[in-house]
Structure formats: C-alpha cells, structure tokens
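Same chain, two partners: chain A is paired with chain B first, then with chain C.
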Partner chain A sequence: MNATIWSLSAIVAVAAVTFLLGYVGSRKANTTPDFLVARRAIPATRNAAAISGEYLSAASFLGVAGLVLKDGVDALWYPIGFTAGYLALLLFVAAPLRRSGAYTLPDFAEARLGSANVRHFSTFFVVCIGVLYLVPQLQSAGLTLTTITGLPPWFGGLIVTAIVVINVLGGGMRAITLVQAFQYWGKLFAIAAPTFVLFVVFLASPHRGTQPISDDGVIRFPQAETITVAEQVVKVRVDEPLTLKVHGQIDGRGADGPVFWGRGVYELSPGTRMEFTAGSPVPVVEGSPTTNHDWTRPQTGGISELLRTYSLIFATFLGTMGLPHVLVRFYTNPDGKAARRTALHVLYLLGLFYIFPTVLGVLSRLYLPQLLVNGKTDAAVLMLPETMVPNLGGQILGAIVAAGAFAAFLSTSSGLVVSVAGVVSTDIMPGKVRDFRWATVFTGLVAIGLALLLPRSDASLTVAMSFALAASTFCPLLVLGIWWRGLTWVGAVCGLVVGGGMVITAQVVSVVSSYTGRWAPAFITQPALITVPLAFMTMIVVSKATRRRAPADVNQILLRLHAPDPLGFIRDRDIARFGTAEEKARMADDQRRGAGRTR
Partner chain B sequence: MSTVEHTPSESADAQKWVDVQASDDFAQLKHRLRKFVFPVSGLFLAWYLLYVLLADYAHGFMATKVVGNINVGLIFGLLQFVSTFVITTLYVRHANKNLDPLAEKLRGEIEGDGK
Partner chain C sequence: MSRHDAGKPEQAAREAWLGEQARKPRRRRVVLADSTKARGKALRTIIELEEQTSVGEKLVRDLIRQQLKSAFGLAFAVLIGMCLLPITFYLVPQISDLKILGIPIPWLVLGLAPFPILYGVGWVFRRQAERHERDFVNMVDR
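Now for the complex of A and B:
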C-alpha cells in the first residue's frame, strides 16, 4: 500500500511539472507557426534532448528491458536499431529536409513532387504511423497503473490521453519542446538511478542473486510463486518436466488441482491460476529461449530468426526517418548544419540511455522469472526495485521508475499528438489554431479507442511495426525524393500504397492471429525485409514508366535541397511558393522583425 | 495549394538557379556528398548484417576467446556501437569541412547581386 502511494505521488508530480512547463511555454505561443515549429529558434543541444525525450517511449523505457528478460541478447537489436536509425536519418534526410522549408511530411511530398494527390496519401500514412505508435504508449500506461495500483488497464490510458490532449491544447509545440527536453533528463535519471542502486544490491547479495543457475541452464523459481494469466491466452513451453497446481483451463480443458507437465507447449486460458513450488523449472512463453544457455547466445533460432533480425534492422534503421514526430522536430533546427549537430547529439543521448534498461532486463532474469510465464515482461522494470529491495528504499526506487515510465508515455504521446494533429489540421481542415485544437482532440480519441480495442502485446513489438510502416512508406519517398530526380508523384503514390498497404495488412493479420491462437508466421509480425524493397522498387519502376509526370522544375527543387544553407533564403522562397496564405503572412512578419537577428 | 505562380522577378531568379545548377561548384558539391553518403551507408548496413550472419552461422569463430571471458562476438558487438558513433562523427566533420564551405560559396553567388 505504501508503495502505491509513493508511486502515485511520483506520477502526479511528473504530470504536474509537465503541466507547469506547458503553461509557462504556452504564454508565448499564439499563432499557427508557433504551434507547429516553435519559430525554429531552438538551440541544437536542447533540441537533441527534446528529440530524445520524445523518442524514448514506453518501448524504450519498459519494452527493451522486458525483451531482454525474455529473449536475451537478441533483444539488443531493438535499442541498437532505435539508435542507429538516427544515423540513416542524418546521412540521407536531415539537412536536405530542413532546407526544403516544408513543415510536415505531406508538405515535403507536395513541394517536391508538385502534386496534391501525393499529399493526401502522405497525410493518411502520417496519421496511421502516429496512431499505431500511440497505441502501445497508452496500453503501457494502463499496464503501469495496473501494476502499481491494480486499477483496470483502461484507466491509465485514459489518464495519459487526457493529460496530453489538455497540455497540447494549452501550448502547442514550443511548450512541448521545453517539456520534452525536461522529459529526457527526467527519464534518464529515473532509469539510471535505480539501475545503479539495484546493481550494487545485486553485487552485495550473498549468492549474487536469489537463484542458483544450475548446470543445465534451466531457469527455476527462487521461491514458491502463484501466477494468474491476464486477459489474453498465453502459450508456454516446458522443457523440464514439473508438477504444479492449476485452477482454470489448460489447452481448453478444465483443471483444478495438481498437474504434471511434461515437455511440450501448453495453452493457458485467461484467468487461469498456477501455483509453482520453490525450485521448480519456469515454463517460458512460446518463442523465447527456455534455458539461460540459449538466452545468452545470439541467434539460436536458425534461418527464420536470422530473417526476422534482418527485418527488424531494416525497419528500425530506415523507419526512424519516416516517423512524423521525429521529423517535425528537425524543422525546428535553425539550419541544415544545426540539423546535423542535433542528430549527432541525439545519438549520444540515446546510446547513453539504452545502457540502463538493458542492465535492468538482465537483473530481472534473476529476480522476476514469473513474468516469463504470463508474458507480461514489460512490467519488469516497474517490479524489479521492490522485488530486490523489499523496504522503503525499494518503494522509493519503484516510485522513481514509475514516474519515469509515465514521463515516457507523456512525452512520446505529446509529440505524436502534436505532429498528427498538425498534419490533420493543415491538410484536412483549413489551418487555423482552432482547428489544430479540434484535430488534437480527434487524434486523442482515435488513439485511446484503438488502444482499448486492440490486444496488448509487448510495446517494443508494436512500436517496431510502426517503424516498419514508416520504413515502407516515407523512407523510400524521402530517400528517392531527395536523391533521385526521376521520382514522379504517380510513382510515389504507388510506392506508398504498396509498401504501406502491405504493412497494414500484416498488422491486421497479426492482430487477428493473436486473438485466434498466434498462428501468424514471423514475416507477418516483422514484414520490413519484404515490404521496404518492394516499396522502393514500385516507386522506381512506376516513376520510370510515368517519366512525363516529373515536375518541370525538378532541377531547381533538388538544388534547393542540396545546395547551400538556406537561412532566410530558400526557406522563405519555398514558403512563398508552396506555403499557405498564413505562412506567407508570417514570413513577411518574420522578415520585418528578424532581419537583423538571423545573420 | 499546388498551383505555382511565376512573377517576373521569380523567373529571373529561376534563371539564376539554372546557372548555379550548371556550375562546376555545384557538381562538385553533389559529387562530394554522394561520394561520402552512399558508400558509407552501404558499408554500415553490410557490417550490421554481417554481424547477424556471423552470430548465426559462425558460432565457433564468434566464440573464440580473446582475453579471459571476452570473445570475438562480444568485441564485434561492441564495435557495432562504436562504428555507429564513428560514422556519425565522421559525417558531421566531413559536412562541416568539405561541404559547407562550398555551399557557402554557392550561396554567395546566388545571393551576391542583391536579394
């Protein structure tokens, strides 16, 4: 009970500080451009912290540790990919995109290809990626509150949605930049401090942990454990026979009392309760290594595992550049050079952060084997402090982690809501501040609706799917748009439809499969290896076939993208050419006010 | 929104753009940029994919002990991180040293006769 109070106060504090910063920032933000790109006057270091703060979502804060606990070294590809994606972004798109002067991805698509059609398709996929990325944030918020307080899972998601929407309504992006930068340092502290303390506890403990790792590498319960299966069907694999008490349903048949499990896979229905004795082997969710020996070795799954890892690498490397909430932040750099510097800082900040969840994931393997049975490994980071330090100290550490996790949901969700609402309000509604507000509410409602509707799975896996979607749609659009003059709007639209359509289909199939017994093969849950090359090929082939549709001034546009830094130059021409009436008015306004400031 | 209006001063500008486009400096800039970006990203991706492949099929090689418990696999794994940072730093340096001055010069040419 005490622990609950500590954690709840920490969460309330995070929410309060977020509000406060939002309020302070909002007093300076009044016009549409203010809302969308915060006047492009944010220094690179703060911008980098803000990008990292926004980027470190539930998948990073909870999901990485959870996957390390479950899958061991192979899970490290997630943090590596999440970080290295920034390198691809830096090399291929950061500076040219900043120079294009467009505010959003659809803006860029239209400016580069000179067609409103491609704009509509881009808008659609920005919304898809944004919402797909929001869903695991809100679901993880539910999981966090459930773990801490036992409240139903929908509650946490609803709270996060409400806070984010109200905050975005109040301040827009400038407020959010401040908030995000604060969030990065907050999150780093919230994960680093407990990691240091728990690692010392681990080193000081008499057996170096609570469980002896037996010679055969089988993982065992350190003490007797009762585990209840949550709302979804779980499949577990048993390698070492064991006896346990079960109340509920195994493989669709009722059980009530002692049961013997030989080697094999067992399907547990929701609500099934299992009682394990101390020292009994731990059944592990199907698909993850069952012994510590396999857990510490990379790539034990043969060719299909190899392809899955390749697919993940493709999705994360190439997907980062297509994430709307990341890109919109690059527009806030004053020039292309600053955009590069920002990307470099982001790499450092992310690399630093990911050390900590990895360590926590490894520690959880020793202390929280029960999570391997019900598959709720995302909760590992939240439960570890109190399990390892069962006193006031542990409760405080737990509260810090809970606050950090909440910061992660809040910051990522804010960034996503701002960028999705920005696109919706400028592209679907006429761009007035008021519409931006309606768009924010609309985005929040759609996201929370889907979060409640869809089954929860590991945050990192769901997030990886939005990376796959981004890699199969905007990555080819950006890379070809910036580096190949032959791209036409017809080719771009076809590529978007083929790449995006396939990933969305894969997502639907994997949701259906998770309700009906998890039959979908690996390439469905991680399709990037197939969809990204196909999207590229479609764009190239169709563009070649429709060569006449290339914009007449393609050379000029490419020159704008690659040539010299544009401060107050290309940017303004591009707005003069492609911008809305309001942007033009603002530009004139900026020139009057900021003539001396820029150089 | 996609309609493009050409005012007289804009078409004069357009001519200037075309001139710059045709200039040797711009060709040089594009060349330098491409010469760096594409080979480096190719190498980078190949290096990552190779690592996964080795981890999968060259267990013996990856398990070769170098010092104490530290084996080739671990060293290669850490090098993946290191290489990411090295490439990023190299690119930022390359851009600041070789690309920006040239870009600056071009910009001077475009803006030179009054804006």
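Now for the complex of A and C:
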C-alpha cells in the first residue's frame, strides 16, 4: 500500500510538471504556425531532447526490457533498430525535408508532386500510423496503473488521454516542445538511477531471491508462485515435465486440482489460476526460448526467426523516417543545417538511453520468471525494484520507474496527437486554430476508443507494426521524392496503396489470429521485409510508366530541397497559407529581393 | 555623428603625414564596394539556379549527386554491417561461447557497440554534407 502511495505521488508530480510546462509554453501560442510547427524556432539541442522524449515511448521504456526478459539477446535488435532509424533519417531526409518548408507530411507530398490526390492518401496513412502508435501507449498506461494500484486498465488510458488533450488544446506544438524535452531527461533519470542501484544490489548478493539455475539451463521458480492468466488466451511451452495445481481451463477442458504437464504446448484460457511449487520448472510463453541456454544465444529460433530479425531491421531502420510525429518535429527546426544537427544529437541521446533497459531486462530474467508464464513481460521494469529490494528503497525506486513510464506515455501521446491533429485540421478542416483544437479532441476520442476495444499485445510488437507501416508508405515517398526527379503523383499513390494496404491487411490478420489462438506465421506479424521493397518497386515502375505526369517544375523543387541554407531558398508554406499579413509581407519582400520564388 | 566629424580632420592630418604612397592601398581596402559587387555576382548565380539555366541545373545536379553518394554509401555500409550479424550468429553459433569479462560476445556486439558506431557514422555524414554545401556556396559566392 505504501508503494502505491509513493508511485501515485510520483505520477501526480509528473502530470503536474507536464501541465505547468505546457502552460508556460502555450502562453504565447495563438497562430496556426505556432500550433503546427512552433514557429520553426526551436534550437537544435532542445529539439533533439524533445524528439528523444517523444520517441522513447512505452515500447522503449517498458517493452525493450520485457522483450529481453522473454527473447534474450535477439530482442536487442529493437533498440538498435529504433536508434538506427535516426541515422537513416539524418542521411536521407532531415535537411531536405526541412527546406521543403512544408508543415505536415501530406503537405510535403503535395508540394513535391503537385497533386491534391497524393495529399489525401498521405493524410489517410498519417492518421493510420498515428492511431496505430497511440493505441499501445494508452494500453500500456492502463497496464502501468493496474500493476501499481490495481485500478481497472481503462482508467490509465483515459487519464493519459485527458492530460494530453488538455495540454495540446492550450498551445499545440509550441506547448509540448518544452514538455517533451523535459520528459527525455526525466525518463533517462527514471531508468538510469534504478538500473545503477539494482545492479549494485545484484552484485552485492547475486544469489538472494534469484532463480536457481540448474546445470542444463532450465529456469525454475525461486519460491512457490500463484499466477493468473489475464484477459487473453496464453499458449505456454513446457520442456521439463512438472506437476502443478490448476483452477480453470487448459486446452479448452476444465481442470481443478493437481495436474501433470509433460513436454508440449498448453493453451490456457483467461482467468485460469496456476499454483507452482518452489523449484518447479517455468513454462514459457510459446515462441520464446525455453531454456537459459537458448536465451543467451542469438538466432536459436531457426530460419523463420532469422527472417523475422531481418524484417525487424528493415522496418525500424526505414520506418523511423516515416513516422509523422517524428517528422513534424523536424519541421520545427530553423533551417536544414539545424535539422541535421538535431538528428545527430538524437542519435547520441538515444544511444545513452538504450543501455539501461537491456540491463534491467537481464536482471528481471533472474528475479521475475513468473512473467514468462503469462507473457506480461511489459510489467518487468515496474515490478523489478520491489522484487529485488523489498523495503522502502525499493518502493521509492519503483515510484521513480512508474513516473518515468508515465512520462513516456504522456510525451509520446502528446507528439502523436499534435501531428495527427495538425494533419486533420489542415487537410480535412480549414486549418484555423479552432479547427486544430477540434481535431485534437477528435483524435483523442478515437484513440482511447480503439485502445479499449483492441486486444493488448506487447507494446514493442504493436509499435513495430506501425514502423512497418511507416516504412512501407512514407519511407519510399520521402526517399524517392527527395532524391529522384522521376517520381510522379500516380506512382506515389500506387506505392502508398500497395505498401500500406499490405501492412494493414497483415495487421488485421494478426489481430484476428491473436483472438483465435495465435496461428499467424512470423512474416504476417513482421511484414516489412516483403512490403518495403514492393512499395519502392511499385512507386518506381508506375512513375516510369506515367512519366508525363511528373511536375514541370521538378528541378526548382529539388533545388529548394537541396540548396544550402545561406542561399535563402527556404519558403515556409505554413506562412504562405496561415501567416499574418505582416509575415506574408516579409516573405514577399524577401522574394522581391531576388532570392527565390514562392510557389 | 560627432565622432566622425571629430575624426575627420585628424585622419586627414594622418594621411598627409603618411603621404601619397601609403594612402593608395588604404583606398583599395574600402570593403563596402567590394561586397556589393560580390553580392551582385552571387545574386546572379542564384537567379541562374532559380531559372534553371543549363549552368544552374548542372550545379544543382552535381550537388545532389554528391550528397546522395555520401548518404547512400554510409547507409549501405551500416545496413550491410547490421545484416551480416544475424546470419553470422546463425551460421557460427560458437561465437556465443566466447566471452569478454564474463559477458558473451553477442551481448556486447548487440547491446553496446552499435550506439557509438551509429553516432560516429552520423557525425561523418554531417561533416561531409556540410562540406559539400560550403563548397557549393563558395562556388556560387565566388
């Protein structure tokens, strides 16, 4: 109970600081460019902290450690991919995208290809990716609050949605920049401090409370454990025969009392309660290595696991550059050079962060084997401090971690809501500040609705799916649009439809399969290896076939994207559309001086 | 105003003192005129770029090609490096038995090493890209 109070007060503190910073940031926000791109005046280091703060979502803060606990060394590809994505962004898009002067991703598509059609399609996919990314954030918020306080899961999601929507209503992008920059450092502290303390605790007494490791690498419960299966069907694999007490349903048949499990796979219905004795082997959720021997070794899952790893590398390396909430932050840089510096600084900040979840994941393998049975490994980071240090110190550490996790949901959700609302308000509505506010409320409602409706999966896996969607839609659009003169709007639309359509189909299939017993093969849950090359090919082939539709002024556009900043070719499209009379006059003045032409 | 007025006679006196020989190079170093001339020239090149004369187009094409070469070269190096790792681990599982300070090599290779490398590659690209741009500006501004 004490722990609950500590954690709750830490969470309330994070929420309060979020509100305060949001209020400070939003006092001066009153125009549409303020709400969309914070007037494009964010310095590179603060922008990098804001980007990292927004990017380190529940998937990074909770999910990476959970996957390390479950899948071992192979899970390390997630942090690598999440970071490497920024390298691809820096190499291919950062500076040219900023110089395009666009204010949203669909706006860039229209500016580059000169067609309103491609803008509509891009809008659709921005909303898809944004919502697909928001849902796991809100669901993990529910999980966090449930783990800490026992409140029902919908409560956490609702709270996060409310805080985010209120903050964004106040000042849009301008309000959340400071919030997100602060939340990066908050999260870094919230994961680094517990990691150091727990690692020292582990070194001081490596054998207290850890699972006994037998010579053959079988994982065993350190003490007697009672585990209840949550709301979804769980499949567990047993390698070492064991006896346990079960109350509930196994493989669809009722069981009440002692049961013997031989080698094989067992399907546990929701609500089933299992009682394990101390020292009994731990059954592991299907699909993860069952012994420590396999867990410490990379690529033990055979050829399908190998392809999955490649697919993951592809999705994360190329997907980051297509995430609308990340890109919209790059529009807030003053110029192309600053955009590049921002991306580089993000690489540093993320590299710093991702060391810690790995260590926590390894530690939780030693202390929390029970999470392997019901598959709720996202809770590992939250439960580890109190399991390892069962006193006041552990409670305080637990509270710090909980606050960090909460900051993760808040910052990522704010960024997503701002980017989706920006697109909806400027593309579907007239783009006044009032429209932006309505779009914010609308986005929040849709996201929380879906979060309550859809089944909960591991945060990292769901997030990986939105990376796959981004990599198969906006990555080819941006890379080809920025570097290849031949792209036409017809080609772009076909590529978006093919790439995006396939990923969405795969997503639907895997949701259906998760309801009906997880039968979907690996390439369905991680389709990027197939869909990304196909999307690229479609765009190139169709563009070649429709060569006549290439915009006539493509050379001027590419000049604008690539000309160094001092030559003064940047023309901000948000000013042209939403700016005040004074700002427009200033731009027209620049133009008259012969330094460029506004489209 | 008063400062300049006060300075004038003194300067005239100084020039008289230095004599005609010293005065000549002084006059050449008037900066304002030079700069206007250069700006006019740069402006002409910028207009040339804008209107996509053959010279302008060639310049831009070259810049884009240079930038693309840096970006693609580095991206392919990183991607190939990353893609070699899983297949190596798959084909040579004995790597896991090698340890440094008790930690198996794959954990170090995947858990620690990538981050400094990624930052280093980004740093190299930023330097290259900015150098290309500086060269381009110098060429236009010459």
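Note that in this section the second predicted complex is superposed on the first by the 564 of 599 C-alpha atoms of A that agree within 3 Å, B and C clash if a C-alpha of one lies under 4 Å from a C-alpha of the other, contacts with A are read in each partner's own complex, and residues count from 1 in each chain.
The rule is simple: a contact is a pair of C-beta atoms (placed from the backbone, for glycine too) under 8 Å apart; a residue touches a chain by one contact, two chains touch by 3 or more.
Note that the structure is predicted; figures quoted are calculated from it, not measured.
**Q** With everything superposed onto chain A, say whether chain B and chain C fit together or clash.
**A** clash
**Q** Of the partners chain B and chain C, which touch A:R341 in the superposed model: first, second, both, neither?
**A** both
**Q** Is A:L559 in contact with chain B, with chain C, with both, or with neither (first, second, both, neither)?
**A** Touch partners of A:L559: chain B and chain C.
**Q** Scan A:A84 for contacts with chain B and chain C and give back first, second, both or neither.
**A** both
**Q** Looking at A:G351, would you say it contacts chain B, chain C, both, or neither? Reply first, second, both or neither.
**A** both
**Q** So, A:F317: does it touch chain B (first), chain C (second), both, or neither?
**A** both
**Q** What is the contact status of A:T296 with respect to chain B (first) and chain C (second): first, second, both, or neither?
**A** second
**Q** Answer with first, second, both or neither: which of chain B and chain C does A:S205 touch in the superposed model?
**A** A:S205: touches no partner chain.
**Q** Applying the document's definition of touch, where does A:E110 land relative to chain B and chain C: first, second, both, or neither?
**A** It touches chain B, and chain C stays clear.
**Q** Figure out whether A:S304 sits in contact with chain B (first) or chain C (second), or with both, or with neither.
**A** neither
**Q** I'd like to check the shared interface: which positions of chain A are touched by both chain B and chain C across the two complexes?
**A** Overlap of chain B and chain C footprints on chain A: residues 76, 80, 83-84, 86-88, 90-92, 95, 297-299, 306, 309-310, 313, 317, 337, 340-341, 343-344, 347-348, 351, 483, 555-556, 559, 562-565, 569.
**Q** Quick check on the complex: what are the chain C residues that touch chain A?
**A** 43, 46-47, 49-50, 52, 56-57, 60, 63-64, 67-68, 70-72, 74-75, 78-79, 82-83, 86-87, 89-90, 93, 96, 104, 106-107, 110-112, 114-116, 118-119, 121-123, 125-126, 129-130, 133-134, 136-137, 140
**Q** Which residues of chain A touch chain B once you look at their complex with the stated criterion?
**A** The touching residues are 76, 80, 83-84, 86-88, 90-92, 95, 110, 114-116, 119, 297-299, 302-303, 305-306, 309-310, 313, 317, 337, 340-341, 343-344, 347-348, 351, 483, 553, 555-556, 559, 562-565, 569, 573, 577-578, 580.
**Q** Taking the complex as given, what residues does chain A use to touch chain C?
**A** The contact residues of chain A facing chain C are 73, 76-77, 80, 83-84, 86-88, 90-92, 95, 296-300, 306, 309-310, 313, 317, 337, 340-341, 343-344, 347-348, 350-352, 354-355, 358, 483, 555-556, 558-559, 562-569, 594-597.
**Q** If you look only at chain B, which of its residues touch chain A in the complex?
**A** Going by the criterion above, the answer is residues 1-2, 4, 13-14, 17-18, 20-21, 26, 29-30, 33-34, 37, 40-41, 44-45, 48-49, 52-53, 55-56, 59, 62, 73, 77, 80-81, 84-85, 87-89, 91-92, 95-96, 100, 103-107, 110-111, 115.
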